[in-house]
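This report refers to the structure that appears directly beneath it.
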Amino acid sequence: MRAEPTDSPEIEAAVAGVREDVARLHGELVRYGLVVWTGGNVSGRVPGADLFVIKPSGVAYDDLTAENMILCDLDGVVVPGSAGSDRSPSSDTAAHAYVYRHMPEVGGVVHTHSTYAVAWAARGEEIPCVITGMADEFGGPIPIGPFAVIGDESIGRGIVDTLRGHRSRAVLMRNHGPFTIGVTAKDAVKAAVMCEDAARSVHIARQGGPLIPIPQEKIDALYSRYQNVYGQSADERR
Amino acid sequence: MRAEPTDSPEIEAAVAGVREDVARLHGELVRYGLVVWTGGNVSGRVPGADLFVIKPSGVAYDDLTAENMILCDLDGVVVPGSAGSDRSPSSDTAAHAYVYRHMPEVGGVVHTHSTYAVAWAARGEEIPCVITGMADEFGGPIPIGPFAVIGDESIGRGIVDTLRGHRSRAVLMRNHGPFTIGVTAKDAVKAAVMCEDAARSVHIARQGGPLIPIPQEKIDALYSRYQNVYGQSADERR
Amino acid sequence: MRAEPTDSPEIEAAVAGVREDVARLHGELVRYGLVVWTGGNVSGRVPGADLFVIKPSGVAYDDLTAENMILCDLDGVVVPGSAGSDRSPSSDTAAHAYVYRHMPEVGGVVHTHSTYAVAWAARGEEIPCVITGMADEFGGPIPIGPFAVIGDESIGRGIVDTLRGHRSRAVLMRNHGPFTIGVTAKDAVKAAVMCEDAARSVHIARQGGPLIPIPQEKIDALYSRYQNVYGQSADERR
Amino acid sequence: MRAEPTDSPEIEAAVAGVREDVARLHGELVRYGLVVWTGGNVSGRVPGADLFVIKPSGVAYDDLTAENMILCDLDGVVVPGSAGSDRSPSSDTAAHAYVYRHMPEVGGVVHTHSTYAVAWAARGEEIPCVITGMADEFGGPIPIGPFAVIGDESIGRGIVDTLRGHRSRAVLMRNHGPFTIGVTAKDAVKAAVMCEDAARSVHIARQGGPLIPIPQEKIDALYSRYQNVYGQSADERR
C-alpha cells in the first residue's frame, strides 16, 4: 500500500488497520442482507488522529479493498495524495464527519437502507422495546430522527441530536433509514445488524396482534448486564 | 467465439462485449433473488448497430454464457448464423425489441417476476415514493402499465407509453411484473434490483400503519442530486 | 454402482439415469428454500418399467447420492437387492406410488412443506390465478386437496382425484402442503418451485389490498402459449 | 486437542466427540438463518458424565472450533484446565445447566432469537398446531414459558416447568425467544429449525385468514407415527 501522507509512522499504521477493518466489515452488510447494489456504507475513525476511513461512492461490494477505501479529515475532506484519493467518498461522508466531530466517543458509523428499519422510518415510528434481545443491545426503543436531505449538515445534526445521551446506538432517520454508531466500526456494524433484526422481529410480532411490554426496570437490568458482562472482555468490541 | 455475421470488426467487437455483459448480468438477478428457475431476462443494445443481445428462452441461469446469448435485430428477429442462433430467444424478445425501436436512449432492458413488484402489479397499484432511496433512484412513484399479453406489440407499447417522459426507469405491467430500462444493460439491472427493494420496503412499511409522504420539492432535490452527483463519474452506469 | 436386479440392461441404464436425476434434483429444493432439515422428497418414474426412484427417509440433503436413492415398484415396495435397499424409502412413498399407478402420464412427483404453499393449505384456500406467471405455468388456480393422513391410500387418492383432469400440476393438501407432478422429475420440481413462487407472490399481493382478476380467456391464452411455445423444444422438460 | 482433566479415557473420548458435534451444529443455526452475529447457542451433554459442552460467549460463528467449545459441570461451572477454559461460556449457560440437572433424558439444548418464534414470544401466544409437519414434530402446540431474565435460575426453571411432561421439545420464553431440547444436541438443533419453520408458516397462514384446526386424534396419530416410524432407525437422532 502507498504510504499515507502523514507525518507519523504510528498514524500510518493506524490508518492501514482501519482501512482493512472498514473494507472487510462491508462484507457483513452483504452477509446479513442489509444492502443492495452499492447502497450502504461503513466508516471508522483513525485512533489518535483527526481522520476517518470511509467507502468510495457507488463502488460494488465485491470490488472493495483496503486500498480503495478513502481517508478523510473530520470535515469530510479527502486527504490529498492518500490511497484512493482519486475517487469520491460515499455521498454520506458529510453525515459521518459531523458525527465524528461532535461525538468524540464514537469510533465507527454505519448507514444502510435495510428493509425493516426503513419501514419503521417511512412511518416515522420508533421501534418499541418488547424483546429481551433489544433490551440487551439498545436498552430501550430505537428512536426516530428528523427528516433531512443530503446537502448540508442536517443529517449529521439529526443523528447527533437524537443519539446524544440516548442508550440506543441506532437512529432511524425519517423516510430514509438507519444510521448506527459504535466505539469501533465493528461495533457500529453490529448495531446495524441488530437494529434490522429488532425492526424485523417487532414488525412481524405486531402483525399478529398486541405486544406485551417489558417493564422498564427489567429493560434496565438486561441492558446493564449485557453492556458489562456479555462476551469475553471489555475489548470485545475492538 | 464464432465471428458474428456482420460487415464490421468494430461491430463484432461491440457484440462480443455486450454478449459478455448480458450473460454475466443475469447472475445479478439470481444474486438478488429476483428470479426463479428460468424466468426473467436481460438484454443489451449493441452500440453503433441496430442490434441487441438477449437471453435464450428457458435455459437455466447456471448454463448462460456469452456464446449462447442470442443476437437479434430491432424487430426481434434472430441474426442468422450468429452464435446461439440455433436456439430461440426469450419469449419476451418482442417487448424488448419494441423498446429499443421506440426509445433510442435506452441501452438495456430487464424483465423479472420479482415477488414484491409482482404484488403491486397484481393490485394495479403504483408504488408511492415515501423513502429517500426511491426518490434518488426513480424520482417519484413507480408507475403501473396496462394489462397486456404476449403475442403482439401490446407489452412493448405499454412499457414505452408508460415510461416515455417519466422519471422512473421501472414500470409494473399489471398482473404481470416489472420491466426496467437503462442507458446500459447494467443500469437496467440496477433499476430492477432497486425496484424490488422499493416494492418490498414500501409494502412492509404500509403493513405497519400510515406512511408519511415526502414533499415533492424534496423528491425533486434528491432525484436531481443523485442523477448528477452520485458515484464516481458520468461513466458509472457504463 | 451395483447392478440393479432386473433382467434388462436397458432398464438398468434407465434406473441409473433416474437415480442421478432424482439425487441431483433434491438440490433444487434446497436452492429455492422449499425444504428444511430432511423434509421434502422427489421421485422419478423409470421409463419403460413399473418402477420409480425416491429419496430415503430422514437422510440429510448433503448426503444424497445416486446410490442411496431407493428403487421401488409401483406398490411402493423396495426392490430387493437394489442399491440402497437396506434403507427405508421416504415416508411419503405410498402417496408417490399411488400417483404413478393411477396417472400413467406422470413421470415425476415432488412433495415439500414450502412456507407459503403450506400457509394456503392451512386455510384450505386455493390460490387464485391473478398473475400471468401463474396462468403460464398452472393455467388457473392451484387447488386444495382433502385432509388426509399417512397410513393408507388417502393422500395418494386425494392428489389424483384433485389433479386428474386439472390443468394445475400442483395440489395443496389441506393442513399439510404441496404435492406436484410432471412429465419428468425435473418438471415436477419446476412445478414445486413455481407453486411456492405463486403462493408467496399472491399472499403478499393480497396483504396490500384487493387483487385484480385476469379474465378467463386471457388465462387460457397464456396457458396455451406457454405449454406450446416456451423454451427450446418439446424436449425441454426432459 | 489438549487432554481433558478427567480420570477416564472413555470420558475424555466422549468429551472430544461432543465438542466436535456442538461446534459443527452451530453451523446449522447459521444455515437456517436462526441467528445473527454471535447470538444463539448449542450445548450437548457428555454421555456417562455430569458434564456438558457449550459455546463460548460472544465468539463469531466462523471462529467456533471443537477446541474453543467450553466444558462445564452440571452447575454450569467451567471445568478448570479444560480446553477453552480461559474463556467465558455462553451467557445462557446457567439455563442449559438447569435443564441438564432436572431433565436427565435431555442430551442437548439450543437457544436462538429466531425471528418468527420471537414474534410469537413477544405476544405471549402459543403456536397452534394447524399443520401436519408440526403435529409430526411437536405433537401439538408449541407452548409459551414465563417471562424471566438472566441472573438466577428463573429461565432454566421456566423451561423445565413448561416442557416437563409436554410433547413439545420447544418452548417460547415470553418476550425472549425459543429454547429447545432433544435426546442429543443434533435433535435439539432439529427442534430449533422445525420450531422456526412452524412459527413462520403458521404466522403467514394466519395473516391470510382463519385457520382450519386439525382434530386432536389426527394430531395424536401423526405424532405417534413420526416418533416411531420416520427415518432409518431409532438411532437416527444420535
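Per-chain numbering from 1; labels A, B, C and D assigned in written order.
Assume a residue touches a chain if its C-beta (ideal position, glycine included) is under 8 Å from a C-beta of that chain, and two chains touch if they have at least 3 such contacts.
Because the structure is a prediction, the values reported are computed rather than measured.
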| item | value |
| --- | --- |
| Most remote chain, CA-based centroid, reference being chain B | D |
| Interface sides of chain C and chain D: same vs different residues, half threshold | different |
| Centre-of-Cα separation between chain C and chain A, whole angstrom | 46 |
| Length of the line joining the C-alpha centres of chain B and chain C, rounded to whole Å | 32 |
| Multi-chain contact sites of chain C, meaning residues that touch two or more partners | 207 |
| List of chain D residues in touch with chain A within their complex | 36-39, 56-59, 87-88, 91, 113, 115-116, 118-125, 147, 149-151, 174-177, 203, 206-207 |
| Contact footprint of chain C on chain D as seen in their complex | 32, 130-133, 190, 193-194, 197, 200-202, 204-205, 207-212, 214, 218, 221-222, 225, 229-232, 236 |
